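Next up: the structures, one after another.
Look at the two complexes coming up: chain A is in both, with chain B in one and chain C in the other.
Right, the complex of A and B next:
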């Protein structure tokens, strides 16, 4: 009994840090990133900015497929609606980009709520997958055919913005702040009773409800959160590419987004960040070999899923216990 | 026992599945501090009665009252919130989570944390989460499994898993606990321990316990009352001694005397 009590004390201290644990060492990375731009040329800077866009796209997607564990694939719709939403608010209403960020998130969140309806009504697995895929395709069809608004498949030009959004290098700092905010907010969400409710729903919905969790409300919330974060990613994408067209939101794009989540580590927030970095940046190395990029991309996915089914984040967890208990669970 | 109003009262409850009557006009009551066992052969409708009480199955006629208020056909999370908590025959635990995290899920309703405060990282929301963690540790200590807090539930032996599941169900201090075959897969000594825990919860905390169980010795040892079901109907409802003496009941419905 005494030894049990004694061994409990340190275990308890460790568990007490589970929530809102301050691990200042993790802030080192964003601080170091602040000094990155001078070392990059414009193209490299653009790639890094795209990584930051995909950080949001990945962590949002992960909430639904990784944490809630639902086979819902409307992510590309949230992304597209956020992108078009931001671009249209700028082009048609003359809003400054900064004012379109939250609306883009809200548009994404609304799309999240709409696509959560089948899931809330009990649709699961392949049926949910095909319904949510169809929604994504329907949105792409809309961008193509609502020509008066979106200029159809020609694509629309995003008005150029003033400082600090005028150059890739300046945008980088804005994007970095948004990515950090999204990561911190999602981390807090997932580490709280909301995250536990998501995980409980993934584990066993009947048991989750028996524990007093209103499962439908949490499914809706998970989709809305996902849509919000990804929609903001869309606003970043709009200002970053300057030219928005429907093919950016097709099936191939969805596969890339799914790969970000899977390669990083399904269900892991930091995994999605890693997945975004690796899958966006690595293929760029082979940019001068046409066709080779896709090959690298495909081989990378196969290798990671074969040898690290828990994603690249599991590798980090093996290397450092710091990652293991902060960001990764077996 | 002087309390005339029962904690849980089933009144002529009938459940049908596509024309098949799984539970046929069943009535019984469970009082606070009472351990009531529900026994019968497979397919007798025990689990369906459980699911009806916990809101996982709709009833077609009759009524289920908890604490004097009707709860039938309410969603499971509402019934859970009213104070009727259950365990599952299998798969009710989150195996890839620690014991502590499982109990934290059980505490869900007791952490009134609000999304915006949480995302903004207010002191209060952090305090609420820490308080929940502290409470979860306390709860694990009650059944003397505090040292398992950090262990993944999937790695625990069956008996300890069962204890974690009971702690999780008890997290919000429910007046009524439904235990669905808690002794499945347990060794005889752990079964005895489980019996002690069940008696303790009823005696010390005044929890009403409804228990589905096949292990007949456990039923006879812990129950104040035994309800026997067969083919959807209640066929006996009495003290263990009376039911035990009713050889017909045992032979017909349990296959051994």
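Right, the complex of A and C next:
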């Protein structure tokens, strides 16, 4: 037996382990996903695309609820405004979809800034929860009653788009790129001083302010970032469903989005991805039993709160420290 | 000419307003003991109405017996929810407690939809449907029954909370749970009973509501928002305030809907909540509770 080769072997094994211990191993997932579409039929592809939409919705929501720790329910409003914004720019002004993505994000971010005003003024807990909830419902009411623009409760048809967006399979690749960009950007944000400030605010706001962190500025920024990411998710939703109507942005939707964050893992980026995958794919199974979805979501949130307060991602964190959360410590 | 309608609109506003007030009262009882606002209260109210439906229509019991049984079931439900679901995470952040209440309500709504679907159900009216003419104004028996029940319950709650030793103990539990526990008050019992009473009061509200409007699983969401708006307007924690808030909300809703545009009926509650919380967070009769950093 060659002694030199034998001595190299453990080193190579260690190198291999190192690869799987670094966070770059997560890049394997999108690379593997690139080869997924040929195995899926059109309906399954649509469901996977919806998962990618909810990845953005989940990580955006998580910034406010998980990382800032504020009980704000206005996420559905950002989502709806992004969706309607993108759809209207396409339908009324004839913009191509790609040109509406950033504006949809900006519309969401503006809504985020508006909803951050009560939070910045010191409204907290359930006061903030119901205020932001009311904002979302007022937006939905606007979609219903501004009929000249949104076609009211009939809903509006999104114009079909050209090549990279013409089929579910093609859209998948565009969505995958956007989801990766959103995840990487949010990861960078949370690892910067912004993320550390969010963590300080969630931990103890008074102490954070006493240490000289301009808490209000960071709260405003957190809401704006959340709105931006979710608004882009809205643009993806618009082109994916092709038909936009107000009931897509009701309280059911809010619970779904909240469940994505809670079941995946509060404050965890990977958790939001897991939550989006589980909670978007799962309802497809029992779509024909009205009420069952609500029952299952309700029970899932209850079980997670009781037994897994840090979500499904905390199960994975027991297997590998890779999944352990760096932005949300107790 | 248009003004002639105003008194009649006020009567109809009082009817719904008193129901909002009752839901608000049931949430206030939980809030005044546990500092938690039950985001599942609307669905607990509809659960009470569905329970009555099962007992009165499904099993064919006398309506009064059915309502009493439903109230008992909801008391047990509220008690068990607190004991089994909220108490284990009592030390978790407020976010988790609010989520738990919301999730319970959501599961209840799903259960109702699984059984009854989205069809409209109605509870049989246990009293004769009639009206009292007072000059130009017609007062339906519904209004009289609802106003009577809510005022009676308000009176009982006011006496219990303001004029009995039990009320003082509850206030101690609300203000300083740790201090209350130190002087020997059984916190768990207070919290669990408050949830039970809140759910039972919600059930009464749900039954009265289901007599005058069609019952669907989605009614709970609307009821929650109206109850919350009544609480916000009246001031969190104030029993009298929530009734005044509910009345104002009900009347305003009808006046806005008639004189401005009927599309405002849906959002009066939200508008009031937003305006009150931004302009005067303590409401009309509440104490100021706001974080300044």
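Brief remarks on what is shown
Methods note: the second predicted complex is superposed on the first by the 281 of 330 C-alpha atoms of A that agree within 3 Å, B and C clash if a C-alpha of one lies under 4 Å from a C-alpha of the other, contacts with A are read in each partner's own complex, and residues count from 1 in each chain.
As a working rule, a contact is a pair of C-beta atoms (placed from the backbone, for glycine too) under 8 Å apart; a residue touches a chain by one contact, two chains touch by 3 or more.
Everything numeric here is computed off the predicted structure, so don't read it as measured data.
Contacts of A:188 after superposition: chain B is touched, whereas chain C is not reached. Contacts of A:138 after superposition: chain C is touched, whereas chain B is not reached.
In the superposition on chain A, A:289 contacts chain C only, with no contact to chain B. In the superposition on chain A, contact of A:180 is made with neither chain B nor chain C.
In the superposition on chain A, A:215 makes contact with both chain B and chain C.
Using the contact criterion defined above for the overlaid structures, shared-chain residue A:33 touches neither chain B nor chain C, since it reaches no partner. Touch criterion met: A:199 reaches chain B, while chain C stays clear of it.
Residues 206, 209, 215 of chain A lie in contact with chain B in one complex and with chain C in the other.
Partner chain B is touched in their complex by these residues of chain A: 4, 7-8, 11-12, 14-16, 18-20, 184-185, 188-189, 191-194, 196-197, 199-200, 203-204, 206-215, 221, 329-330. Across the interface of their complex, chain A is touched by residues 54-56, 75-77, 80-81, 85-86, 88, 91-98, 100-101, 104-109, 111, 113, 115, 118-119, 121, 125-126, 129-130, 132-134, 137, 146-147, 149-150, 152, 168-169, 172 of chain B.
Within the complex formed with chain A, the chain C residues making contact are 37, 39, 85, 88-89, 92-96, 98-100, 102-115, 117-118, 217, 221, 225, 228, 232, 263, 266-267, 270-271, 273-274, 277-278, 281, 290-293. Residues 65, 69, 71, 118, 121-127, 129-131, 133-135, 137-138, 141, 145, 205-206, 209, 215-216, 251, 255, 258, 262, 266, 289-299, 301-302, 305-306, 309 of chain A touch chain C in their complex.
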